[in-house]
Amino acid sequence: MGDVISVAMGNLLTPMVLFFALGFIAAQLRSDLEIPEAISKGLAIYLMASIGFQGGVKLSHAGFGLNVALSLLAAVALSFLLPFLAYFLLRATTLMKRETAAAVAAHYGSISVVTFVTATEFLNSQGIPFEGHLVAMMALMETPAIVSGLLLARRGASKDGGGLAGDNPQMSGEVLREIFVNGSVVLLVGGFLIGWTTGDRGMDAVGAFMLDPFKGVLCLFLLEMGLVASRRLRASKLGGGMVLAFGLYMPLVGALAGLCMAWLLGLSVGGATLLAVLGASASYIAVPAAMRLAVPKADPGVYVTLALAITFPFNVVIGIPVYLAAATWLFG
Amino acid sequence: MGDVISVAMGNLLTPMVLFFALGFIAAQLRSDLEIPEAISKGLAIYLMASIGFQGGVKLSHAGFGLNVALSLLAAVALSFLLPFLAYFLLRATTLMKRETAAAVAAHYGSISVVTFVTATEFLNSQGIPFEGHLVAMMALMETPAIVSGLLLARRGASKDGGGLAGDNPQMSGEVLREIFVNGSVVLLVGGFLIGWTTGDRGMDAVGAFMLDPFKGVLCLFLLEMGLVASRRLRASKLGGGMVLAFGLYMPLVGALAGLCMAWLLGLSVGGATLLAVLGASASYIAVPAAMRLAVPKADPGVYVTLALAITFPFNVVIGIPVYLAAATWLFG
Amino acid sequence: MGDVISVAMGNLLTPMVLFFALGFIAAQLRSDLEIPEAISKGLAIYLMASIGFQGGVKLSHAGFGLNVALSLLAAVALSFLLPFLAYFLLRATTLMKRETAAAVAAHYGSISVVTFVTATEFLNSQGIPFEGHLVAMMALMETPAIVSGLLLARRGASKDGGGLAGDNPQMSGEVLREIFVNGSVVLLVGGFLIGWTTGDRGMDAVGAFMLDPFKGVLCLFLLEMGLVASRRLRASKLGGGMVLAFGLYMPLVGALAGLCMAWLLGLSVGGATLLAVLGASASYIAVPAAMRLAVPKADPGVYVTLALAITFPFNVVIGIPVYLAAATWLFG
Amino acid sequence: METFKKKRVEIILEQPMVRPMLHLIEKLGVTGYTMLPHLSGKGHTGERGETDLSGALANAMIIVITSQDQAHRLMEQGLKLLTDRTGIIYMSDVEVARDQHF
Amino acid sequence: METFKKKRVEIILEQPMVRPMLHLIEKLGVTGYTMLPHLSGKGHTGERGETDLSGALANAMIIVITSQDQAHRLMEQGLKLLTDRTGIIYMSDVEVARDQHF
Amino acid sequence: METFKKKRVEIILEQPMVRPMLHLIEKLGVTGYTMLPHLSGKGHTGERGETDLSGALANAMIIVITSQDQAHRLMEQGLKLLTDRTGIIYMSDVEVARDQHF
């Protein structure tokens, strides 16, 4: 127990978490500090291409086997199923409208790349290894939750008529695009395949860019995340303590689901921690645009705020070491 | 022969070419993956400053002699003369309008920095050395072709009256600026002179930025190039197979001209390969703006598409190893 | 003396100063070379976070003691007091309007991060150590001068009635924000605290990003500064030789004040050089926006041009080695 | 110089809806449009702007110069496309010199 | 389609003044605005644009669709806020379909 | 508040032509303009936007508030400058409060 606390404290004092805190505090103090939008998008692209590539190189060592294939299937299933649980919890404990609840649920089935990446660096700093295909699992968990979200919203719509934009064929095309060739999915999967194909030779060639500065770039990105989360928190009216509470307990529920799945798949402690993180984290890049298109009546103020301003900080500051502690205790 | 093929296959499986392919495929799948414009301009600036600097440092080892001076003159001549050949071929084999043919010709006399840079990294990965002043030759080949393009367009204009904007003195000033102090020329030449002046001392100071991450940055830039080329291809109507064919055979013609010149100058195998690449590649940064200003009737849909969506991918994927094979066979 | 000159010449031939010169010359030649605004803001953010972090790590070695606390106080005092001197000189030697003189004075009390950073790299290249808390002093010198500028402008206003926007409570809030939670102050102080807290462990984690490429990034940023300074110079009408002269002698006055303060604080030669640089340099990031808000009648054409196009180049090209020579002579 | 009366329709809408709206414009047979990305703003659905990373909260503006008839059609069908959504449409009179260009 | 007459007020001003101006708009009770950042331009105070690093020389535009009355009030008080400053305000007629939205 | 009638001329043109057009505006003696960079769009010459790396396919907008006479002159000579080129010009009525500023 003392160990868990010291590890958690160690997490709090990494440059990553401290830069996140810096951004968060700066925005609370109404500083005009601002990272240009093009820069934060550029940093995100770097992080996604790089983590994909790193995972692929790792898999090129371990090789692709049945257990990897099963893991990928399991990841899709986890992303698809979690929203139903989330929707049930939201409808049971809050007064949230159907459409908004469905959209929020979709976010929690999907994942947050930056939370994942922060967790991998945390594991690296603790010297805990993890399987390379976790990265591919992450990529595949990005969008199945969108489908569940649509099913949930449609179910609501058939009851109270309307609010869904899926009937317009143009709109359906847009939504399908978001599900299958979303930019972040393409980058993660593409980077992964390139890392897998080129292996160590590829890492030798581009490691000085793809690997060495990774942690530092992550710091800058977390600074931006801190600013964004904090500003979102100030602008938001979540409307009710049970909604806010959902943003804090749902990650724990998702992490638990991830740990169960990890147990079924026989992952290592590091891998189990990361799958817990995937279960626990909520999307704020891929899913919001799909929900804006497909479920216009859902309130983006609620789902963006929950994912970005409540669950993301919770996971980065508290969640990650807790999931590691749980994984160590269960599988260590 | 088997060797050539294995080298070519080796080229296909570098992270660089794979990231280009990733971008190309993503855009064909209509992914919304997008690199912010400011980021791709920033990456281009980095690549140009850095390749210039690297070339200058190399020249500081070799020293500046008569052969270097001759090479620079030859480069200017090559860029100036190639458009006449290209124009002749276009007019003989296609129905392209005079103005458009002149503008296309100007693009093929000029060069593509990214193709050159990809080729240098390919040579580096094969352990094949090349002369530092090739970089200066590249810089000087950027814009003489613009002059030839204008001469060709003016020749057309005198026959069918109009379509040229050169009479307006304001416009002439703009075009002259594009020729002499174009941003990419300034960066390449400036970086080269700084590398030459500061030599190894300079490289020690800034190599961790200018050299180490170079290949990785190039990957990200080629990802963007893949997206851009692919989207351009989808938006374009080149109007005729012979136009498309020009985009595929003209690089070979230009490469041959480059190899002849390399033989006259007595370049190494690596240097000859790069001069072939310079002959083969077509501009899509410096020349288009000049052509928009000076030859408004020329169709940018044709020249940007040919240079960016046909010739660029051809060179990066197939051309570079072929030119190396030819140079090895001729001079090796 | 011969030594000073050779050191100064050495400064002129560093990649940093040469890239600055490249930008300057390119803009004078009316090149269309342009660094996207988002990129230059991104580079500035990197430089500030990184220099803050580096300083903090240094302080974690030396420890925080009374002399550090005194130095911080002294820095605030220096920034607060210098504007009064600058205002006096401006009013005594030029016909500048009160408001504009007050605004210019505020700029010279504040500091230029890039000048400071260029000086630290110059010291590093000469192998001259300096105290880590100089970075904290820089951060604290950013904004006290704004207060002095407002006092000076108000004093003028009470005499000739109006021109100050401080009575509007909304505007006062904006100005207070600029003083206390200005983006660059937050980044510098925040980076410093993070470096201090995480120390060598933090540097190990993120040094490959925060430290290694620093000098190269600075080159690119100085290229942009050269472009900006040069374009500003061409667009400006400073209106009178004594105004221009102020931009050249005021840095010497400020440097002298810095050296006196360094003597009182017992700083090392490196530290004294840097405090001279802080005294000598003028803000062009934090102060201009505050002056636009609070002293609308002051002419931004004058204060931005003086700080950016006269004093900045003077310090980077000539000032820094001179201040080092003076510090060596006085304290060496 | 002779000028011709046209309408300038301006549509301010959320970024994810830009493509569907351009699709509608195309379908109506309007000959052109201009798009301004990366705007922020405030309206009945609250403050919007690129404050998140998804672009879901960013605004864009589409400008269309067209005939009176087309403008009315665009306004009507555009508003239908924006039902339940964030976004506004308005139009005004403009004069052009090249009647046939619009 | 029935349309309603409104005013479109456009304010071009220096970046540092955007927040105070939005504050004024809010205070007047106007229901919405749209902001376009990063513009350049030229006027009586000379050339402006993001040529420095502070943003002090950048321009922005604020667009407000509102009633005739509010538009006049905004123009009057907006001009007062811009006294001694760089910036222009002008207004024009527009038609909207949803009267109550503005 | 008293207002004065002016014209708002809007020019949408390709990025490389921005400087020549600003030169024309200056030559006509117009006192100011505002420039919006990085637009995309579609017209008779097809789709345009910053999809290449040269900027040759990007659009920009120039806004000019000026007198009726100057507006007509700008429209006429601006269209001449854009002969054979991509780009559109149109104008509309606006009201300003400071007559002498424009």
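Order of writing sets the labels: A, B, C, D, E and F. Residues in every chain begin at 1.
Everything that follows uses one rule, which is that a residue touches a chain if its C-beta (ideal position, glycine included) is under 8 Å from a C-beta of that chain, and two chains touch if they have at least 3 such contacts.
Computed from a predicted structure; not experimentally measured.
With contact taken as defined at the outset, chain B and chain E are each touched by C, F.
Superposition angle, chain E onto chain F, using Cα atoms only: 120 degrees, a multiple of 5 between 0 and 180. A centroid comparison over C-alpha atoms places B as the chain most distant from chain E. Averaging C-alpha coordinates per chain and comparing to chain D, the farthest chain turns out to be C.
Copies chain D and chain E of the same chain sequence form an interface built mainly from non-equivalent positions, shared numbers / all numbers used being under half.
Taking each chain's centre as the average of its CA atoms, chain C and chain F sit 39 Å apart. The centroid of the Cα atoms in chain A and the matching centroid in chain F are 45 Å apart. Multi-chain contact residues of chain A, defined as those touching 2 or more other chains: 36-39, 41-42, 212-213.
The multi-chain contact residues of chain F, meaning those touching 2 or more other chains, are 36, 38, 92-93. Chain pairs recorded as touching, per the definition above, are A-B, A-C, A-D, B-C, B-F, C-E, D-E, D-F, E-F. For chain E in complex with chain D, the touching residues are 1, 3, 6, 8, 31-37, 65, 92-98, 101-102.
Contact residues of chain B toward chain F in the complex are 37, 40-41, 44, 162-163, 168, 170-171, 174, 228, 231-232, 235, 284-289, 291-293, 296-297, 300-301, 304, 308. For chain C in complex with chain B, the residues that touch the partner chain are 13-15, 18-19, 22, 25-26, 29-39, 42, 125, 212-217, 219-220, 223. For chain F in complex with chain B, the touching residues are 14-17, 19-20, 23-24, 38, 46-47, 50-57, 83-85. Taken in their complex, chain E has these residues touching chain F: 10, 12, 36, 38-44, 49, 59, 61, 72, 75-76, 79, 88-93.
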